[in-house]
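Both complexes below contain chain A, partnered by chain B and then by chain C.
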Partner chain A sequence: MRRTLLWLEPYFYAAPSVILIGAIMFVPLVIGLSYAFHDITLLDPLSGDYVGLQHFRELYADASFWNALRNTVIWTVSCVVLQFGLGLMLALLLNRPFVGRRAIQLCVFLPWAVPSFLSGLNWAWLFNPVVGPLPYWLSALGVMKTPDNLLSDPDHALWGPIIANVWWGIPFFAITLLAALQSIPKDLYEAATMDGANAWQQFRRITLPLLAPTIAITVMLRTVWIANFPDLIVVMTRGGPADSTQILASYIFTQAFQRLDFGYASAVAAVLLLLLLLYALALLALRHALAKRG
Partner chain B sequence: MKHCLKVRLYWILHYALLALFVVFALFPLYWLVKVSITPNDLLYSEGVRLWPSHTTFAHYVSVLRHTAFPLFFRNSVIVAGATSVTSTLIATAAGYCFSRFSFTGKFLIVGVLMVTQMFPLVMIVAPIFRLLSPLGLTNSLTGLVIVYTAFNVPFATFLMQSFFDAVPRDLEEAAMIDGASRFRAFRSIIVPLTLPGLAATLGFVFTAAWSELLFALMLNSSSDASTFPVGLLAFVSKFSVDFGQMMAAGVLALLPVCAFFLLIQRHLVQGLTAGAVKG
Partner chain C sequence: MAAISIKGVCKKYGTVSVLRGIDLEVRDGEFIVLVGPSGCGKSTLLRLIAGLEEITTGEIRVDNRVINELAPKERDLAMVFQSYALYPHMTVRENLRFGLSLRGIPRERMEMLVQGVSEKLGLTGLLERKPRQLSGGQRQRVAMGRAIVREPKAFLFDEPLSNLDARLREQMRYEIRRLYLELRTTSIYVTHDQVEAMTMADRIVVMNDGIAQQVGPPQELYDDPANLFVAGFIGAPAMNLLEATLREDSGAPGDVTVMIGSEALAAVQRPSSMPVTGRVIAGIRPERMSFGADANGIPAEVDLVEATGIGMIMHIKAGGQLLKIYTTDRIKFRSGDRLAMHIDPLDLLLFDVDSGKRLRPLSQGAAHP
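Right after this comes the complex of A and B.
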């Protein structure tokens, strides 16, 4: 009896989290996947029939879906590249001791704590010619012809949420990369300096190779996360004007929330999940191939 | 001499670049505060000025007196507070378990927790609504607490595990040899030692729950059960002319998370690596 209890002990500690996550995340995931094959519209008592692949056929013919898919790629790639580039730069700047480092660190990491909905609203206000300064500054710099709202220009509106996301996401990359930088032994650099290596050579030969594993994992995870992150777009543009800022994640949310069409939303979600899985598999295969060659 | 000049130039460039980063990070928040204290009559005439010629707290007063924001604020405090306490409790148990035991199925459970960090939460917005609605958990703060707790437990667990890993096993083993049960050793020796970690976990979860928008929007449509993000968004789409009040409300939404940010900033690295993908 006592033996059994001892054997069971770890499961008691883990049980609450496993049960909760199973019930609130995995059960809905399975149900959500089944919705993709059913006609489910909230508040419509006639819905609920099995419709097979009908949603996927609709989706194939749905121009908004293809547009959202294209925007997802633009959104994800620009956000990741900019966040990573600027985050790495910031991490390198913060990596050596200097006067005022703690205070500066506190300031530049602060956007991380700002709730995402608020950073969306805040940037929407900054782009608004009524209260925001950005349209005037952009037109004074000659970037824009007249001080208009960037978010209502279908050709460039996606840049609004991208900028807001870059602002919000730089700290994440800077913090993780800074932690990795600080774990690189200092004597490596001392030895390289003695051998006459300049700063760029040290960066190329020591910093970058030792940082590579952290870079690979954070960029991969962040790519998935950003592709799934509709909050800023929902808050700033709701996918508009004329669907020009709709990404798949925000399209799913609009279908479910505004049109209450849970079936179609789930079909789009299933496609998104499949694409992300393919992305992860492709990366793993690439890693495998590289490891074999190296 | 030439070397000295080079070093000087380097540091000038170093600080100049950092200054740009600081300005980029703080300017949006500065503007938020600035507009929130600009009187309405100056809002349009002094649009691009960096500081208004006189300031007022009238927007804050009217937000607190004439809008439902105090209610939304209260709802958000309840939801984020309850979520952070429940998640931290559950994550403490699970984190301790992962740190101290090896058992059949551990690999699977850890794997499942990691997968939850990756998959698109937007996928389960609709199913969760359909599951919770017959149980009376939509338009209720309890429903939100349950959902948010589930979302935050995985990352809080990894965070707590990292704190437990830092406490030597000998301490509780010694107590257990002296006849204390494992739970007692855990409660009276390990928990006090990881208090700073517990506080950090509370802070991380509070910040995440305070910021969540989509599920709150979907699940709680009645304004009685709205959280701050939902209330602010509704206010913005309804009264999109009252910028002073909107931004005053925005500043109020920022206050609690800024307080928690100061509390947890020393643990940011640990928190972000544990969350791995959590913003």
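Right after this comes the complex of A and C.
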């Protein structure tokens, strides 16, 4: 008895935090997932039954779901690629000493501090030809034929929230990559210069490999966040016109809070969760393989 | 291998002058050590030669070709950094190969060179390791290897041993010197450690305040310093520098007596330029002084005795000033004991109080004692 208690002792010490974390993280997750297997429609007193996999069968036949999934991929990939690319360029620029660098660094961080809903509204107005200048500029540059609202064009509307999100998310990459760049010792570059490496070779063979761990973790985090991030789309287009900007996250929002079908929304959410888990596992496996080979 | 010629080189950062006119001829195959306190400009000079900084005015030539405007990689010099600056994400082999591959050397020749260098430096068993898996001494060797493998015109060393502990530093000092004697590649070596400078150099350049104070072989700098700075900087324990006056009433004509306080230190030949005030700084090496308990000598009192194992440093008071005597004799003096010092007049060096310049005897001119 005494031996068992002694063996259990450390677990008692850990218990409060374990229970707290469990209650906060796992209970809602499990309850949320369980909705996916129930018929839960707000304002319908007869709902609440267990329906098994029925939501998933509906989902499989739901063209809107597949459309949203395709849009999610386009949305996530273009946002991550553009945010990362531009963020890296910005970080490289900010890594060189120049007058007023601190002030500029602060300004670069600014979009990140703007609430997402506000920036969504802001960009929606910028694209609106009634109040915003962008349609006129774009048509003057010949990008658009007439100064129309980009957000009302079903073929290109998704680019509106993508542009807003790129603007909003660049600081994240710029700041994290800048921190990583600044941790690379200067004399590595001097040694590479003496070894005969030009600027591009230094970037490819010193900077990139040393940034790789930071890149892997930030890209993974950002991908998950962006795929899960309906704010800008909900504010700017509500998924329209004609579902052309609907991504899974905004589809979940629409299903839950406009059609009030929490059961179906939870089923979509479960699928999104599964896809992101698979993505994260794949990325970790890839990183592991690369680390082993390197 | 190459001769390096430095003419009137100045370096300014904004309005701050770091180097103020350096002239130096490094002969082909020579091992030159730049030594001086921190901030004296020695590392800056090295970086100017390497091409990591721009020359403000003046000219540097390698093999008679002006390299001021050449990019570092076109200068074909190799540098060993204080922090080693090994590429942390590459193995030892990749570190050694990096410079070669950038120069487009064929793979087989590259492997051969890497193999040769790693055998020479005892790195063969470490080739597949990453720098973080190596000890300080091993990293140092890899840094050396990376420089050697390219067979550059000259090696530039920037305080390569200062990150090592004392014992390892002694060993690496020996290894670098031995390697140099084998390769005979022109080397410029920066250090703040005068022992390193003395032991490794063919010629030493003592630097202070952006100026080369004196250039010469180690023993010459030790025996015949050109000014107070060099006298005080070279040698450990440091030279005794005493405030002294010259008195003209000594026996032999052309001689003056060096006095500290009221004690006569020695009669020496009259310097070629006699200071008006008669005040000078008199320098004498701690190990060039003898002493005894007898009465005929300069009276002094023992202040403190430090045993270093190999010998003793005796701090003594004479003529109201503190000075050190170094001896390898097993002495029995203790604090408060009285003794008598003896000085050979030839060991006494005189310096001008204001300019710090060496005051040489009339007959000697500007050459050796």
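The working rule: the second predicted complex is superposed on the first by the 262 of 294 C-alpha atoms of A that agree within 3 Å, B and C clash if a C-alpha of one lies under 4 Å from a C-alpha of the other, contacts with A are read in each partner's own complex, and residues count from 1 in each chain.
Convention: contacts are C-beta pairs under 8 Å (C-beta built on N, C-alpha and C of every residue); 3 or more make two chains touch, one makes a residue touch a chain.
All values derive from a computational prediction rather than experimental measurement.
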item: Superposition on chain A - do chain B and chain C clash or fit; value: fit
item: First (chain B), second (chain C), both or neither touched by A:S266; value: first
item: Contact breadth on chain A, by residue count: chain C or chain B; value: B
item: Spatial angle chain C-chain A-chain B, Cα centroids [nearest 10 degrees]; value: 80
item: Which superposed partner A:F37 touches (first chain B, second chain C, both, neither); value: neither
item: Which superposed partner A:F257 touches (first chain B, second chain C, both, neither); value: first
item: Contacts of A:I206 with chain B and chain C, given as first, second, both or neither; value: second
item: Contacts of A:D187 with chain B and chain C, given as first, second, both or neither; value: second
item: Touching partner for A:D195 - first (chain B), second (chain C), both, neither; value: second
item: Smallest distance from any CA atom of chain C to any CA atom of chain B, in Å, after fitting; value: 7
item: On chain A, positions contacted by chain B and by chain C; value: none
item: Interfacial residue positions of chain A with respect to chain C in the complex; value: 185, 187-188, 190-198, 201, 205-206, 209-210, 294
item: Chain C residues touching chain A - in the complex, by the definition given at the top; value: 50-52, 72-73, 77-79, 81, 83, 85-89, 98-99, 102-103, 146, 150
item: Sites on chain B touched by chain A in the complex; value: 11, 14-15, 17-18, 21-22, 24-26, 28-29, 31-32, 35, 43-44, 47-48, 90-91, 93-94, 96-98, 101, 103, 106, 109, 112-113, 116-131, 146-147, 149-151, 153-154, 157, 182, 207, 210-211, 213-214, 217-218, 229, 232-233, 236, 243, 246-247, 250, 253-254, 257-258, 260-261, 265, 268-269, 272-273, 276-277, 279
item: Interface residues, chain A side, partner chain B - complex; value: 9-14, 16-18, 20-21, 23-29, 31-32, 35, 40, 42, 86, 89-90, 93-94, 98, 104, 106-119, 121-123, 125-126, 130-133, 136-137, 167-172, 175-176, 178-179, 217-218, 221-222, 224-225, 227-231, 234-235, 249, 252-253, 256-257, 262, 265-266, 269-270, 272-273, 276, 280
